[in-house]
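See below for the structure under consideration.
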Amino acid sequence: MLTEILISLLVLLGALFMLVAALGVLRMPDLTMRLHATTKAGVLGVGLIMLGLVIYFMNLGVSARALAIVGFTMLTSPIAAHVMGRAGYVTGVPMWQHSIKDELKGRYHPHTHELASHAPPADAQAPHDGH
Amino acid sequence: MLFAVLSGFLLATVAPWLHRLFGRHSGWALGALPLGLFMYFGSFLPEIQQNGPLVIDYPWVPGLEIRLSFLVDGLSLLFAMLISGIGFFIISYAGRYLESHRDLARFYVLILAFMASMLGLVLSNNLIALFVFWELTSITSYLLIGFNHEDEDARKAALQGLFVTVGGGLALLAGLVMLGMVAGSYELSEILTQGEWLQAHPWYLPIVLLIVLGAFTKSAQVPFHFWLPNAMAAPTPVSAYLHSATMVKAGVYLLARCYPGLGGTQTWLFLLGVFGAITMLTGIVMAVRSTGIKRVLAYSTVMALGTMTMLIGLGTEKAILAAMVFLLAHALYKAALFLLAGVLDHGAGCKDFLQTGGLRRAMPISTLIAALAALSLAGVLPLFGFIAKELLFEATLQAPRWAWLFAFAAWSAAILVVAVAAIVGIRPWYGAPVQTPIPAHEAPPAMLLGPAVLALLGVFFGLFPWVIAYGLLEPAASSVYGQPISLPLALWHGFNLPLLMSVLSLVLGLLVYRYWDQLRAQTALLDQWVRFGPERGYEAAMQAMVRVAHWQTALLQNGYLRYYLMATLLSTVVLLLAALALNASAVQFYFDLSGVMLHEYVILAVLLAATVMAVTTRSRLGAVASLGAVGFGVALIYVLFSAPDVGITQILVETLTVILLVLVLFRLPRFLGLTSTALRVRDALIALTVGGTITLLMLSTISTHYFDSISSYFIENSQPEGYGRNIVNVILVDFRALDTLGEIFVLALAAVGVYAMIKLRADRLKKGES
Amino acid sequence: MAFVVGGLYAAAIYMILRRSIVKLVIGLVLLSNAANLLIFTLADMSRGAPPLVPLGALQPAGAVADPLAQALILTAIVIGFGVLAFAVVLIHRAYEVVGVDDMDKMKDTDT
Amino acid sequence: MPMYSLILRSASHFLLPLLLLFSIFLLLRGHNEPGGGFIGGLVASAAIALYLFSMDVKAARQVLHIDPRELLGWGLTLAVLSGVPAVFWHQPFFTAQWLTLELPALGEVKLSTVLLFDIGVYMVVIGSVLTVLLALADADDARH
Amino acid sequence: MIALVWNILLAFIWVALSGSFTGVNLLIGFILGYVLLGFALRDKPEFAHYRDKVPRFIRFVGFFLKELIVSNLRVAYDVLTPTHYMRPGVIAFVLDARTDGEITILANLISLTPGTLSLDVSDDKKVLYIHVMYLDDETAVQHQLKYLESRVLEILR
Amino acid sequence: MRPEVALPILIPLLAGALSLAFWRSRAMQRGIGVVGTGVMMLSAWVLLYTTWQEGYLVMHMGNWPAPFGIVLVADLLSAIMVVLAGITGFATAIYSLATLGKRHEHFGYYPLMHLLLAGVNGAFLTGDIFNLYVWFEVMLVASFALLILGGERAQMEGAIKYVTLNLVSSALFLSAIGLLYGLIGTLNMADLADKIAQLEDPGMVKVVAMLFLVAFGIKAAAFPFFFWLPASYHTPQVAVSALFAGLLTKVGVYALFRVFTLIFSLEDPFTQNVLLWMAGLTMLTGVLGAAAQYEFRRILSFHIISQIGYMILGLALFTPLALIGGVFYIMHHIIVKANLFFISGLIYRLKGSYELRELGGVYRSHPWLALLFLIPALSLAGLPPLSGFFAKFILIRAGIEAQAWWLVGVALLVGLLTLYSMVKIWSEVFWKAAPPSAGKTPEPRTRNDALLYLSIGGLALLTVLIGLGAQPVFVLAEQAAAQLLDPRGYIEAVLGGEA
Amino acid sequence: MLEYTLMTAYAILSLALVLAFIRLVIGPSLPDRVVALELIASLMIGFIAIYTLSSKATAFLDVAMVLALTAFLAAVGFARLLEKGAHRDAD
């Protein structure tokens, strides 16, 4: 009974985090912040549900697979976020108007998309590629 | 007999080499075959005289009742001997006439094949074999008419002849098949004995119509006569052959052949008699109006064919005999005259009467031959033509119906025939000499032999008709009539109406000749009328056919893929809905949604919404992303309904599809709003109709349970027999490995195709750069 | 399900009736999915019973989903994928050659 | 095109062997659990596709070692030939032949023509998908 | 890293020797190997710090999970309430991590932790550009990130 | 165990696989090309002989009993079709040796050819409806790839239409299979036939039959589904056109013959009427389409359609004689049509054009080629004593027996119009003097030309032989038709005593 | 108890699916849509996990495993494309 409650809790919490992720994707004002929502809430949601699964089945095969799923998600989700965030930035998807800082601005080479670690000289500061 | 018939084909295949071997004597060498055949066929005469018709049978396609069986009787021997006899003269003549023609070897091939086809036609006892040879004559004559193929008129004339005769031939085929079915046999010897049964059969009329149609086209009866004069584009020996003894007489032969089975009815009389008479008159009027020598002769052939058709139509004993006599007489003088036309061309370069005259001195022998042949044509005592003419008048006067009409027609025609005979027999040879394109000179003996012999035969048979009557003409007429005919054939019948008609026709005909030029001028109005004649009809029909073809192609094959799809899909829907409506009793709809869970509804709804979005979005990549959502939705359905393998595959394939689409599509432009709202609504309606039909089918299928699936076998045997616990996979790699094998080949092929598409392009780019 | 499949067919058909070749491709993808789902729907759909034999057993414990239909769909999916890959690249190449995403510019070959 | 994201590149170094291993795992267990030649092949193709995206065509080709078209051909050959041995036992083509081996460490191992067939499928899937992807990427590079 | 490979190898050898291929047996083999490598061979330079890795790893996982949950709650709060409290921005984070692997793992972890999302690494591998959701105090954020980095590097090196 | 049934599939599959594996070596490709198709043709003859001797030949693939595993079944019709595929394939391989450039050989021509043949043979031999779908796809995708080999604009345009319409057909086919499986629960064609025969009122089956009709109708290019064919068949390499023209649509026709004699009943008047109308309109629209064309290969392409109409007529009349006619027609047509395309390609090599207006003078310059053209051309038009005459004759006789007057009329008329087209080609290409600006530059003469004449001459010889020696061919068709008319033999051969 | 939990979880995930889908529809940029698509993939993992719980058929976890490992490839593909300059009409 106790495990059942625990499982229910984990599953519901996981599902709720996924809902949060969905809400975030819907409600967040710009692309980057939507990425925040999916990476964190998504991974956590999957993780919690999987944990519930592990407890429910109490079986090595299932546990291994569940953990693998969590591991894979943790591995791939940030990478997906990274490539999308980068792509969005490079192609000029606008940031939220209330953003207070942008260190990236002007650091991408407009054509090769090489990323510098220091701000280029002021005269070379072209708007990044795509505008 | 089989060898005799086919020998022409066999010789044709080696003719080019023989031609090379014998050089300028090839005409004689190759002519030896028809000569030999002539004698071979002649050798049958005594036998059939004694024992009656002979059937010689070889199987060909017995399953279809197609046999190479030959009916040797008077009629077929008459024709066979004409074909081979005149064939000998034609070939030997051509050896010289076309000596310098570069395609002489091909000519030999064709003429020999043509001769063989004709022999097969007239000797066949089997309806279908007869048809086979019939069509072979059409094709070989096509190639012969178009022999001078770089001349556009020749090509056109050849096509015209082919189209008319093959068109008729197809009608004939239908008629013959029906005849064979009604008679229960395809053997003429068996069919022709069933006249009463055939004539009482409801199919009698269509059979007669179809067969007559075939015969009329071949024998150039009005309204199909137009192709024959145009066929003059052929080299002269060909024209001579076609007109005198062969091609065009095939129709007459067929009518004569069918007479015992189909003839003697009112229908027969009307069709053959009336059309024959009209053709006779039309032919001779046109002949009088023409100027080119070959054209005059050609129209006179039309006249002759009409006459023979009419006679067969009349169907009396006398008429049949008259037809046979006329046939022979015509063959002799027409071949002679045509060959002389070639001599004229060869010796003086003349094709038109109006431009020539007075060749008598330069070409004395030709003049004499021409005179004899023309006299026979005119039907002057004592030539064979006179006998034919007498018999013609007698037969028409004794016609079972409308006798005086037929007689008057025959007599009118005879007047003009006399005029035509005078034109060809007098005009080029007598009068003041005219400057000819090449200096006039007499033709070599090889070219004169044929005309001379044929013309002399006209005299000989006229004087001694019994020579030919007993041995050949009577058996032939008897074969046609179906009963023995024995009418004395004599030059002199005494003073009677036919003789009077004959004399009058001679007088009037010479008058016509006297005033020929004026007559021609005064009847110029006819040309106007002729322009709306059947030839015009043929051309209009051909044009209409091509127009319809273009219209249809523009309508159906319009280049618009979406209209193709529309036609395809709408046809499909119509067929499906019609079948549904017709089988409504077996179709039922019953569905139960109680078990469906909320989240399943949501997933399905999202799936549909994603589909709608993929359809409606204006952004290409947005559409691709929606497609991804559709794919994931489908995968989720697979998983939720217990198909993990399918689900995994769907996910992977979907991912790869998206990658592929992304790789390929991003260079393509944005969607263009290419269609109007109305069109979109129309397309949406079509789409919904198709979708609705599919839904209907599915619902009905779900509600119909005929049998249990065989899948329980796989479930039970997967582990015990296939040693695998994943039943789906065991099916894939073991139970139904062949499917999977095919499938990986599909995948491989697609990859090879893509590779070729991309790399071939890159290849080209590289080439373009360098 | 039948309605969803019908909807997929309708959408696919609508897309292939467009002038745009890109839409044509999308239509083909949808069509392939629709046909696969049709088979799936018509074989009995059951929840939670994948056609697997438990370890150590000779047969599944209870009723399972129709494995044959699943095998067929798998085959059809892969075939569809291969064909689609070809079609996509074909359309790409056609676009490169013709230069416009408009089927109406591709009707010279017919007549 | 310069080298793409460092993070992705380095992640794919790690993910590639993982995915490949996973694909072989899927291939080998396919007869008993979800998986099999197709699924395994698709995962392996995805792995190399990832490599292609994070690096370039050359790197992807190097990973593969063999030209995908040859892989394709040999995979097909293997798949066809796996159906042939049955004939020597006077059985119809594609009759499965099983060979049970007792290996000291691994216990009872069943080898079969069915597995060979599945391996053929695996090779063909990889070969096909990569033939397409690499050709497309080549063309893309040529354009730049 | 080499140590880990050795460990896994030992685990498999154990499985092979014991002749039963089960998950539990593999785990036993792994633990045995760990003990063997971490304690018995600690004098060898390759295995010097191997003993400490496991406890550190466990502690790190705990730390990380806590961060993950906390950060998620904060995002959840922001997402669920009508007004946004974010003050987002992109900052440049100077890296101590050097190798590609280290950078990647760090970047991934940063993406999974509160309010931060790795956007990209400069091509000279010196700077990680990070999108931060609550950039009220940049130095505090930089400090937190450095702490995370040090803990990660501890395990990896 | 008799391997004959599977060999005509496995040989080209293996040949295709190996030529892919050795794709770098051109010599290997060519060698496998000729040897593979040659051996396949031999195996096809062996199969025909065996089938003739033994009636039905069945192989239960994987040794799984029917109806569970996939069976390969050869009855006479299948065996005949396989032999025809063998002949066409072999002739095409020889022809290809001489005509294909390096580019095509390098990009997979030979494997595609083998696999096309494998797909075709698979479709002919399989006894399983889903497996039929798979082989259709193999054939189809191979044909897609062959179609675009060259990358010309016209090829792309044609291919888009070809691919799209054929994919629609595949989707309909697949849907039909799904529906049928949903209704009857089996895929084995003999089992389907057996079970459907047990139904009292198979109403839904009749409806699904329409879907099969459409799917196969598209593949067969019947009216009103033929649009893809004229849009594409004149665009690829001529060897490819020939292979397509000979074989591809005939697979659709074969499928119609198979399912509508075995599984679905043509005794249903609606189905029969639909097929009859389809036959008539296909003949007519196809031949009129050709009459409007002035390009060698387009004319030939449209004629494929009208000829398909004749074959369907044979099926639709559904009398013993009509079926014989249909089978005979298929045999005749495949050989003749492939050959005509071969000839068009040879003329293109000689004169550099396919446009009738730009061509001419071939009769003068190449009299033997002219003869070789006349044989298939006249045969196509149904002139005796060539193969086409007997084919048409049987059908017309069957039509008259069935008193299907308008169809007989159409069949005759279409014969005449076919002649019109063939004579048009003859007149323009062969008889007419070569126009001064004749086409593009012809390809240089090579010793390979002998190979071209070899394949063209071989097929022409067959055309003549089928005509002159029509009796054995007729008997073969008769037996094949008898098997089609009595599906019990097929069902028993596949299912054993259960049926 | 667990049954109701699972029902609720299904409902929650369904709602999440709808929300994610709305983002997919409204975009506005392509990366936004791709993010939504990624989330849909994650939600599928959730669905499958819960479905595994309700059906007790662990085979479905394999699907989730594949999904977790490969779904991001689509995002990588899209990103790669965007970087290559398709942004001009990427909306």
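Here the chain labels run A, B, C, D, E, F and G in written order, and each chain numbers its own residues starting at 1.
We adopt the following convention: a residue touches a chain if its C-beta (ideal position, glycine included) is under 8 Å from a C-beta of that chain, and two chains touch if they have at least 3 such contacts.
Quantities reported herein were computed from a predicted structural model and do not represent experimental measurements.
Participant: From chain A, what is the lowest number of touch steps before chain D is reached?
Facilitator: 1
Participant: From chain C, count the fewest steps through touching chains until chain G is reached.
Facilitator: Counted as steps through touching chains, the separation is 1.
Participant: Any idea whether B-D or C-D has more C-beta pairs in contact?
Facilitator: B-D
Participant: Which chain has its C-alpha centroid at the greatest distance from the C-alpha centroid of chain E?
Facilitator: Computed centres place B farthest from chain E.
Participant: If you average the Cα atoms of chain C and of chain F to get two centres, how far apart are those centres in Å?
Facilitator: 27
Participant: Once you find the CA centre of chain A and the CA centre of chain E, what distance in Å lies between them?
Facilitator: 16
Participant: Would you kindly tell me how far, in whole Å, the mean C-alpha position of chain G lies from that of chain F?
Facilitator: Computed from C-alpha means, the inter-chain centre distance equals 47 Å.
Participant: How many Å are there between the centre of chain E and the centre of chain G, using C-alpha atoms for each centre?
Facilitator: Centres of chain E and chain G (C-alpha means) sit 25 Å apart.
Participant: Going through chain A residue by residue, note those that touch at least 2 other chains and give them in order.
Facilitator: In chain A, 23, 35, 61, 75-77, 79, 82-83, 85-86, 113-114 touch at least two other chains.
Participant: List, in ascending order, every residue of chain B touching at least 2 other chains.
Facilitator: In chain B, residues 553, 557, 559, 561, 565, 569, 620, 640, 642, 644-645, 648-649, 652-653, 655-656, 659-660, 663-664, 667, 669, 694, 698, 701-702, 709-711, 714, 725-726, 732, 734-741, 743-755, 757-759, 761 touch at least two other chains, as defined above.
Participant: For chain E, which residues are shared contacts with two or more other chains?
Facilitator: 107-108, 118, 120-121, 123
Participant: By the document's touch rule, what are all the touching chain pairs in this structure?
Facilitator: A-D, A-E, A-G, B-C, B-D, B-F, B-G, C-D, C-F, C-G, D-E, D-F, D-G
Participant: Under the definition above, what is the set of chain G residues touching chain A in their complex?
Facilitator: 1-2, 5-6, 8-9, 12-13, 15-17, 19-20, 22-23, 29, 31-32, 34-36, 38-39, 42-43, 45-46, 49-50, 52-53, 58, 61-62, 64-65, 68-69, 71-72, 75-76, 78-80, 82-83, 85, 87-88, 90
Participant: If you look only at chain D, which of its residues touch chain B in the complex?
Facilitator: So the residues of chain D touching chain B come out as 30-39, 42-43, 45-46, 49, 68-69, 72, 75-76, 79-80, 83, 94, 96, 98, 110, 112, 114, 117-118, 120-121, 124-125, 127-129, 131-133, 135-140, 142.
Participant: Which residues, counting only chain B, touch chain D once they are in their complex?
Facilitator: Going by the criterion above, the answer is residues 644-645, 648-649, 652-653, 655-656, 659-660, 663-664, 722-726, 729-730, 732-734, 737-738, 740-741, 744-745, 747-748, 750-752, 754-755, 758-759, 761-762, 765.
Participant: Could you please specify the touching residues of chain D with respect to chain E in the complex?
Facilitator: Within the complex, chain D touches chain E at residues 3, 5-7, 9-11, 13-14, 104-107.
Participant: So in the complex, the part of chain F that touches chain C is made up of which residues?
Facilitator: 130, 133-134, 137, 140-141, 144-145, 148, 151, 153-154, 156-161, 163-164, 167-168, 170-171, 174-175, 177-179, 181-182, 187, 230-232, 234-235, 292-293
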